[in-house]
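This is the structure I want to talk about, given as structure tokens.
Lettered A, B and C in written order, each chain numbered from 1.
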Amino acid sequence: MQFNKVTDNVVAELRALLGDANVLLDEEKIEMYAKDEVSDKLWEKMPEVVVKPANAQQVSEVVKLANRELIPITPRGAGSGLAAGAVPLQGGIVLSLEKMGQILDVDTENLFMVCEPGVTTGDVQKTAKEHGLLYAGDPCSADSSFIGGNVATNAGGNKAVKYGVTSRHIYGLEIVMPDGEIVTFGGKNVKDVTGYDIVHLMVGSEGTLGIVTKVWLKLMPLPKYVADLLIPFADMQTAIKVVPKIMTAGIIPTCLEFMDSLSIKSAEMYLNKKLPYGDAGAYIICEVDGTSETQVQDDYETIGKLALENGALEVFVADNMSTQERIWKARKCYAEAIRMISPVYCMEDIVVPVSNIPKAIEAIERIAAKYECKIPSAGHAGDGNIHCTIMREDRDDHAWHELKHAVLDELYEAVYDLGGNLSGEHGIGAKRAQAMDKHMTDAQRKVLVTIKKALDPNGIMNPGKVLVG
Amino acid sequence: MSLYVNANIEKEQKLSQYKGVLVFGEQKDGKILTVTYELLTRGRKLADELGCELSCVLLGEEIDGLEEVVKRGADKVFFIKDAILKNFLPRPYSKAITKLCEELKPEVIVAAATTTGRTVMPLVAAMLETGLTADCTELTIDPDTRLLLQTRPAIGGNIMATIKTPDHRPQMATVRPKSAKPAAFNAARTGEVIVKEFDGATFFTPEKFLEYIKDTTQEVSIEEADIIVAGGKGMKNADGFKMVEELARILGAGVGATRDAVEFGWTTYPHQIGLSGKTVAPKLYFAFGLSGKIQHLAGMQTSEVVVAVNKDPEAQIFKVADFGIVGDVFEVVPMMIEAFKNLKANA
Amino acid sequence: MNIVVLVKQVPGTDNVKMDPVTGVMIRSGKDTIINPLDENALAEAIRIKNSQENVKVTAVSMGPDSAMKAIKEAIAMGADGGVLISGRAFAGSDTIATGKAIAAAIRKVGDVDLILCGERATDGETGQTGAMIAYYLGIPVETYVSAVEVKENGVIVKRTVEGGFERVEIPFPVMATVNKDINEPGFPTLKGKLKAKETVVPVYGPVELGLDPAELGLKGSPTRVVKVFSPKLSRDTIMKKADGTTGPVEEMMKFLAGKEAI
């Protein structure tokens, strides 16, 4: 695809549309828009201009302009993505949604929240909670990630085991399409099969089919009682073999997470704190919730006993804020803890059928041993979603790229052999587009390309993401 | 009815026996600590409002410069002298002070909310069967009732509560160190220094003081620092907090932190400023990425000049700031670091 | 060896709201936790229990019926049993009245060698009750304790004080109030939770404790709250908005130079 550069005339037009303060050109200021949370320099690219529209109308005007001038446009939320999805690979315009951060309505009768894309997920959760309600989407980055980004990547997170990923909580979207038209699909109706399910086509499309400017979020009653179990095991295999057993014990946990020994050690270093059984081979962290205290107690007792019968070293129970916070601090600091040890790393997001998790972990350990590198794993055991992170440590550029390619090739092969897939929740972005292309059938590719071409004939919307260039 | 009136008269007679303000001064290694002079500022104001004498009690084996306590505002200085009082031990200290209070019958006792004051005062209050209000930020006299009004943060610091002790004497309070300026030296002031020696039974204790170990892990003790650079939750992570440390290094300043920042492990407890940490009053205080919960403010609001950076224009920290910048700490603080680097290079 | 740990139930959030009209604290009964420093005290007691034979740990709490939760949590973390002090007569107790009641309950537990509690609670933050209890029990108190070394007939404690540490040796019985440097608080175990469910915790009122109601609650409290109000803080703040330029920082530098602060 041949794109045009951002000219002085285009800048002038953008300034007229948005005001000078919302059109950034200085290298210093636009630097932070050149990357997301992917730590590799490979996935950094400076935008030509960054714009910060304040409403859907302004987004629409910018998109119309970009479409007319054939300038690539990269929508951006909080920049907390892990797949280089918000990196302007072709330069052009980065359209940041940071100014559109209003919660517009909390409808406690119909259990909905309406908000703009630039609200942080944490604020959505907090606001819902203040109304005695739950927004069940809960990516680990909730404090910083935007709800718009959650929609774009169909973010998963801790509670997906019970409540499902972001798409399950989205009932309507206002979207600026690649031609600049503003269109709304869905809304406050719980059931809606009027026409194609465009809402769920857009969720997870990573900004390649349009820009979300308003979101209708599903809220639900806040579970009154929550309990978390922290279960240390002597080794990873024993731990991970318990996962399918828990999942088939007749209880749907809210979360079922794991950390391997390297992740536990990293968390201890990062938090500067001793964790219980910090030298364990693995942790399982399991959360149950419900409206009855005795039910929640019964559930965690059942799961805890099952774990003890299957080799758990101990079962710790946290059923109040302070103990729960201590457990989750360890789990949620995973990414930052890893970064502290190896500033450059490659975090993967593979997903396999739950029953195949032990084999996937075996494969990761085998690959790490073969290439003599560190690949700590942690993640969402309950839905087969494993974050394994290849650490660069002190390798030089060449060695690092060799290592990454070799490990990823072998890892993805293993994942596909196990009936799994490339990404559970982080998305494809630019980072995995090649790999996805390699593993897609021709027939699959044809469907995706046809949709993309139909909606974005000029290919200006986030080019190079999901589908290769 | 008459019984009730009698009881009231009796109560008033009992209460009216108590006169004067007493402050509990502190020493270390025989040197009077500055906090003593801060208490004299507080105590002098209360004594003047009540129109009564201000006394100061100090305990120790030998103490230098007791005259200075007079020159800085005390009418009487009681030095309770005994070898066991060389170092602080809760039991002999509390018994000796109680004994003095039984003789002196002060209306008001004020101590510092140091580890010493906060330990000894509850014991004294229990022995004297009276009330004690800890960590007061303000002490005033109610002109109508002559009662001591003790104001302190309460309920997690979201509100202030004013507390009184209507029917018991003395009325006791501790105040945060550094929350008042040390009383000025006035060579012309006169007063009395009285050395008190009590019998051995007063000082009997099973406690044995072994040693004092200076904490060398803190290079610049934040309580002594002229400049403090402090960060809170808004610094986002340990890496972000490093900016706080960098600016502190450039300025030769102390590093301060909120309870959150300490709990996240970005720095250690000795750096914690606030109700559950240290109270500081530097010449210049930088507050970065901290909203200014009252617990934190309680530890720093007497700083001379406060500069705050926070992205929330409504953040409470701006209310105690002299210069506030609304913006992202990750944008503004690096600019400050540059500016101070340049300033230093050009100096 | 007998250890008593005092566990206070406190609101689990520091964002407790006030009713603007009545000035009464709004807190939901559900979001309660053990006072964090009391958790450290408990962890220290459990550590001592695990390091030697024949140590019994009893958790004592004073509060409404719901404070039973704190005791059960302490048992789940490893305490052997507990005592709850509860009753309407205790409502409104200040630190003196609380100190008397808790001292009476500890006397009832009997033969206690070591009492541990947090140096202060996150709700009241007075940090007075520990010392007052020690006084009413007629035993010494050591405060701000960041390490406890158990000897044959007593302990050596390390106290964190201004600028350093003190070490004090003291025979049993003794009360020690701990700070957060002493340890990492633990977690309850599943076995502990099951045990806590089974454990019968006695509830003592003024009668069981042999206390005169006149000494308790509001009646037994010398202090009175006169008023509560929102803190007013203000300085004449110069406010600037970050605009991406170094302008605001330059103005700050000028301001600081003018104030001779730098």
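Assume a contact is a pair of C-beta atoms (placed from the backbone, for glycine too) under 8 Å apart; a residue touches a chain by one contact, two chains touch by 3 or more.
The chain list, named the UniProt way, goes like this: A = FAD-binding protein; B = Electron transfer flavoprotein subunit alpha; C = Electron transfer flavoprotein small subunit.
None of these values were measured; they are calculated from a predicted model.
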| item | value |
| --- | --- |
| Chain pair with the higher count of C-beta pairs in contact (A-B, A-C) | A-C |
| Core chain by centroid distance, with centroids computed from Cα atoms only | C |
| Centroid spacing, where centroids are CA-atom means, of chain B and chain C in whole angstrom | 21 |
| For chain A (FAD-binding protein) paired with chain C, centre-to-centre distance based on mean C-alpha positions, whole Å | 40 |
| Centre-to-centre distance between chain B and chain A (FAD-binding protein) (centres being mean Cα positions), rounded to whole Å | 48 |
| Where chain C touches two or more other chains at once, by residue number | 243-244 |
| In chain A (FAD-binding protein), residues with contacts to at least two other chains | 273 |
| List of chain C residues in touch with chain A (FAD-binding protein) within their complex | 12-13, 30-34, 36, 39, 73, 76, 184-194, 243-244 |
| Touch list for chain C against partner chain B, complex | 11, 14-18, 25, 94-96, 99, 120, 122-132, 134-136, 140-144, 156, 159-171, 180-181, 221-231, 233-244, 246, 248-250, 252-253, 255-256, 259, 261-262 |
| Of chain A (FAD-binding protein), residues touching chain C in the complex | 21, 24, 26, 29, 224, 229-230, 273-274, 276, 297, 300-301, 304-305, 308, 314-318, 320-323, 326-327 |
| Residue ranges of chain A (FAD-binding protein) touching chain B (in the complex, touch as defined) | 144, 270-273, 336, 339-340 |
| Footprint of chain A (FAD-binding protein) on chain B - complex, ascending | 236-239, 264-265 |
